[in-house]
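So the structure is just underneath, and the comments pick up after that.
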Amino acid sequence: MIEAYLFYFFAVTTVLLAVTVVVQPNPIGAAVSLVGTFFSLAALFVLLHAHFVAIMQIILYAGAIMVLFIFVIMLLNLEPEKVKLRTIAGNRLVQGSAALYLAGVIALAFFGWRQFFTQGVVANEMEGTIEAVGKLLLTDYLVPFEMTSVLLLVAIIGAVILARKPVE
Amino acid sequence: MESLLNTDWLALAYNELPLLLLIVGGTLVLLADLWWPQHILPRWARRKSATVDVHVPDRTPLLLFGMLAALVAFIACWRLWVQHEMPNQMGMLVIDRFSLVGGMMIIGSTIAGLALGWGYLFQHKLPIGEYTVLMLFATAGAWCMISSANLLLAFVGIEILSISAYVLAGMDTKNRLSVESGLKYFLLGAVASAFLLFGIAFFYGATGTLSLVGFTNDGIMQAPTSQFYLILGTAFFLVGIGFKVALAPFHTWTPDVYEGAPIPVTAWFASAVKAAAFLLFARVMLVVLPLMPALGTQLIAGLAIATMFIGNMAALWQDNIKRLLAYSSIAHAGYAALALVTMATIPEAGITSLLWYLMSYSVMTIGAFAVVQLLGRDGEELTSVGALAGLGERHPWLAACLSIFLLSLAGLPPTVGFMAKYYLLANLVAAGHWGLTIAAIISSLISVGYYSYPIVVMYFRPVANQTPHNSMNVGVPIRLVIFFAALAVLVAGIFPDRLMSFIQNSVLL
Amino acid sequence: MELIIAAIKAIVIVALILQLIPVLIWFERKGSAYIQDRRGPNRAQILGIRLGGMIHNLADVVKLFCKQDIIPTKASRIIYVVAPMIAIFVASATVGVVPFAEPLHLGGLTIPMQVADLNIGILYILGIGSLGVYGVMLGGWSSNNSYSLLGTLRASAQMVSYEIAMGLALIGLFLVTGTVRITEIVSQQTGFHWYAFTQPIAFVLFLTSLFAETNRNPFDLAEGESELVAGFHTEYSSMKFALFFMAEYAHIAVGSLIVSLLFFGGWNLPGLDFDWIRVYPEAALSMGLPALAVGAIAFGLFLCSKFRRHKYNDARDYEVLIFGVPHVLIGFLMIGATLLLHGTTLPTWVGPVLVAALQMGVVLAKTLFFCAFFIWVRWTLPRFRYDQLMDLGWKGMIPVALFNIVITSAWLVFVH
């Protein structure tokens, strides 16, 4: 009972904060709202008994990534009026065509399969404990897990290449 | 613990030898790059000499090591191809001849890409070690894409490949165009990845599994709810993968990125990245299309037609040879998508024609870019088509090679481009898509217009100003690449039987 | 019922941490005074009673409440107001999973001596602790002051960097413990099997990064009063400033608590057999109380002996008596209690409650020791330069932590 209330509370908070991220003109305000979004998402994970995922959400996204975001915003000292919209050539075309395409497909699917809105999908009950996650990561998901470390290595190399001074 | 021990690690390692070799090779290059001497002269000599030590040591041997690693991986692929008659699934990886042929294709392109970097990177003061490492890791990512039995692993592979590609495109930080291309590629690519991820999430919603094998034999599959999710997932997936392979409404990044990136990188983009994305596309569509044949086919066919015409029409107005080849690459993505349409009705023929088409396209586009790169001088790339004037007299062999590649791209006999297109269209007709075939032929005819433009310039336009012949970017590897590419284009175009049967042997569904 | 117990526990524990803050502040003032060979605060008084400077805390509270609360005109108001709240929230929310003693078994009821015994245990502390940087960042940024911004930039870079070293140090510990539940980690450290001895590298790294995370000297560049006025809280005044101030000390208290639990055996003390005490509380009391009584009487008498009638000629003369006489009285009360206990059997709840109280006492004693260590370090070491700080974090501590992980896992696989 109380879980349901908590769910609705955090779900609404998540969505509201996510909207704030988009409409907030102040970059810091948007970033802080994003932190709030992650926090309430973590709360939703807790309600699903996925404690590990929840705390990882907080440690990684709220605690590390967003700190760096805000750090960069502060370094650039972006003020609301300094942020101007810049467009890429052909931007409109891409946006428009992609949006039309998606809208068409969704409409097609919607009119064809109205029952969607009356049925739900059954999710698997899964344990979100550290032991369960750890075992999965090192057995079934070993290859993606290891490849993710390659991915991170590639990202680090890339950041170093692009950020360092050009070789003279 | 038990399940950890139950896995046959040795067998997994043996079957994934190409992947391991690529990653280990990349790591070794990274370490070698770290400990490479910083200066040519020893410390005491540097102190004494008044001139600043401008000569940084040439790290080109790292490229050689990278090529060696890729070559060993290629041979490992070949060994596995010989051994694996039937598909063999281990955990999330599936080893079948389809993925092995794809792997060989991509690793071959990577070897060519590394060879093209020889000399070029040093001249343009680009980081050689990182170039090699990123190429090798990206190839490992591509391997994960094409031999994955699970969408999760495939996505990780896509990201490895994409992030390496963003960095490679923007690598030349002194060149504004290169930075622009890297940034554009990154921003749009990130959005595309998000679409792809959404698509995968909806596939999961539809089937309750991320495994491509478990996709079809799942009871939930037929329920209307999951059909809805499936269509939604396919739509998102098409947007994402359409970006990665440059299908029509999502192609706009291609010319800018291909123009801005260093030429070896561009050649590698057009061959390896495109092939990897297409093979993943095919693998996913192989299981998705049978579930929704009509709609899926129509969607892909629509994208293919738009891509072919937009690519070919836009290329007609290009005066920059890199942009011209970029639009040509878009158009070819359209042709290759036709193979996927074929796949909906006759899967084996579709896959065969896709592999055949991608293979031939990789070879000819690498060749064309290699010639363009060879013509650059003094650290400047040759970009305008007009600069080709008089090439037929100055460098008859190079001009001949470029002509061969362009004719092959246009799909004229006796080149491999013709054979690939012929086989593709023949299968398309067999699948009963007459309209699509005619559209493809028309757009092909349009394309002859712009492919012949550089040829005409090379042989028939008088040289306007007699610029002295500066030394070209000499390098044995790049000449070898051009030679082998031209040889392959001609031989496979005239005697396609052996290669054809090799590919057909690889497609056992 | 469970909710009520949880709420009570939450309130008690947060109150405990908040109560530690004035003690720590007094500790810091007096400790710094002793280290610098001066007397420290000793003027504030109530009716002439000064309690060795303790009254200064009370005076500070009154002062902070009465000060004008200024919000700079160009500050972003909401964030400016929220930032100190985040700081104090984070500091007090981390105690949520910290156990103070073993679970208390009363009849059929089991009461864990912590608010929540989560499966993720220490990760919760890391997670919530990592949010602490927001208080500093947002506070500094929103005040729209260059010094504040500089302090903020330093603080955020520093905290993010040292978080990595902290997490990696903990991984070395987790490899040995095999669990991240704090109760289990503590219960593994019986006798002298404290992880400070079996995982010394992890211990040193964790303690060091804890200093950095709490922005304490030698890592207090965020405040750096000789360079940045007061760092990120330059513009803050009144209770908003007080919240930052309290958050710092709450951080110290919580950090010391965690160190003593993870690395210093928690409630384990060699020679104390809790199972035995739980079963035979009478025997334990009849042995322990006289010893305590002797100590208390001796201390009380020592204080009383310092009494000189005309030393200051005001109420201060009697301070030693105010402390000393109660100690003597309590000592005699304890002896009386021991005599009364002789031959009687106590109700069954006494054992567990006694054990819980003892365990809490041990934990708190260790915590206070580490708090004293924090203060000691602050007044002993000079401040790092910024590049030295970053070098130490990235090129020193992180590689060492990784090395520790490799060594530990190799030891576990090949030797253990």
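We just call them A, B and C in the order they show up, numbering each chain from 1.
The criterion applied here is as follows: a contact is a pair of C-beta atoms (placed from the backbone, for glycine too) under 8 Å apart; a residue touches a chain by one contact, two chains touch by 3 or more.
Just so you know, these numbers come straight off a predicted model, no measurement behind them.
Visitor: Farthest chain from chain A, going by mean C-alpha coordinates, please.
Guide: When every chain centre is compared against chain A, the largest gap points to C.
Visitor: Pick the chain whose C-alpha centre of mass, unweighted, sits closest to the average of all protein C-alpha coordinates shown.
Guide: Per-chain C-alpha centroids compared to the overall one single out A.
Visitor: Based only on mean CA positions, could you tell me how far chain B sits from chain C in angstrom?
Guide: 59
Visitor: Go ahead and note the Å separation of the Cα centroids belonging to chain A and chain B.
Guide: Centre separation, chain A to chain B: 29 Å.
Visitor: What is the distance, in whole Å, between the centres of chain A and chain C, each centre taken as the mean of its C-alpha atoms?
Guide: Taking the average C-alpha coordinate of chain A and of chain C, the gap between them is 35 Å.
Visitor: Would you pull the chain B residues touching chain A in the complex into a rising list?
Guide: Where chain B meets chain A, its residues are 3-4, 7, 16, 23, 30, 56, 91-93, 125, 127, 130, 133-134, 137-138, 140-141, 144, 150, 152-153, 156-157, 159-160, 163-164, 166-167, 170-171, 173-174, 182, 184, 187-188, 205, 208, 223-229, 231-232, 235-236, 239, 249-250, 252, 256, 295, 299.
Visitor: Write out the stretch or stretches of chain A touching chain C in their complex.
Guide: Touching chain C: residues 26, 28-29, 32, 35, 51-52, 55, 58-59, 62-64, 67-68, 70-71, 74-75, 129-130 of chain A.
Visitor: Of all residues in chain C, which touch chain A in the complex?
Guide: It is residues 76, 79, 118-120, 123-124, 126-128, 130-131, 133-134, 137-138, 141-142, 149, 152-153, 156-157, 159-160, 163, 167, 180 of chain C that touch chain A.
Visitor: What residues of chain A sit close enough to touch chain B in their complex?
Guide: By the definition above, chain A touches chain B via 88-90, 93-94, 97-98, 101-102, 105-106, 108-110, 112-113, 115-116, 119-121, 124, 135, 138-144, 147-148, 150-151, 153-155, 157-158, 160-162, 166-168.
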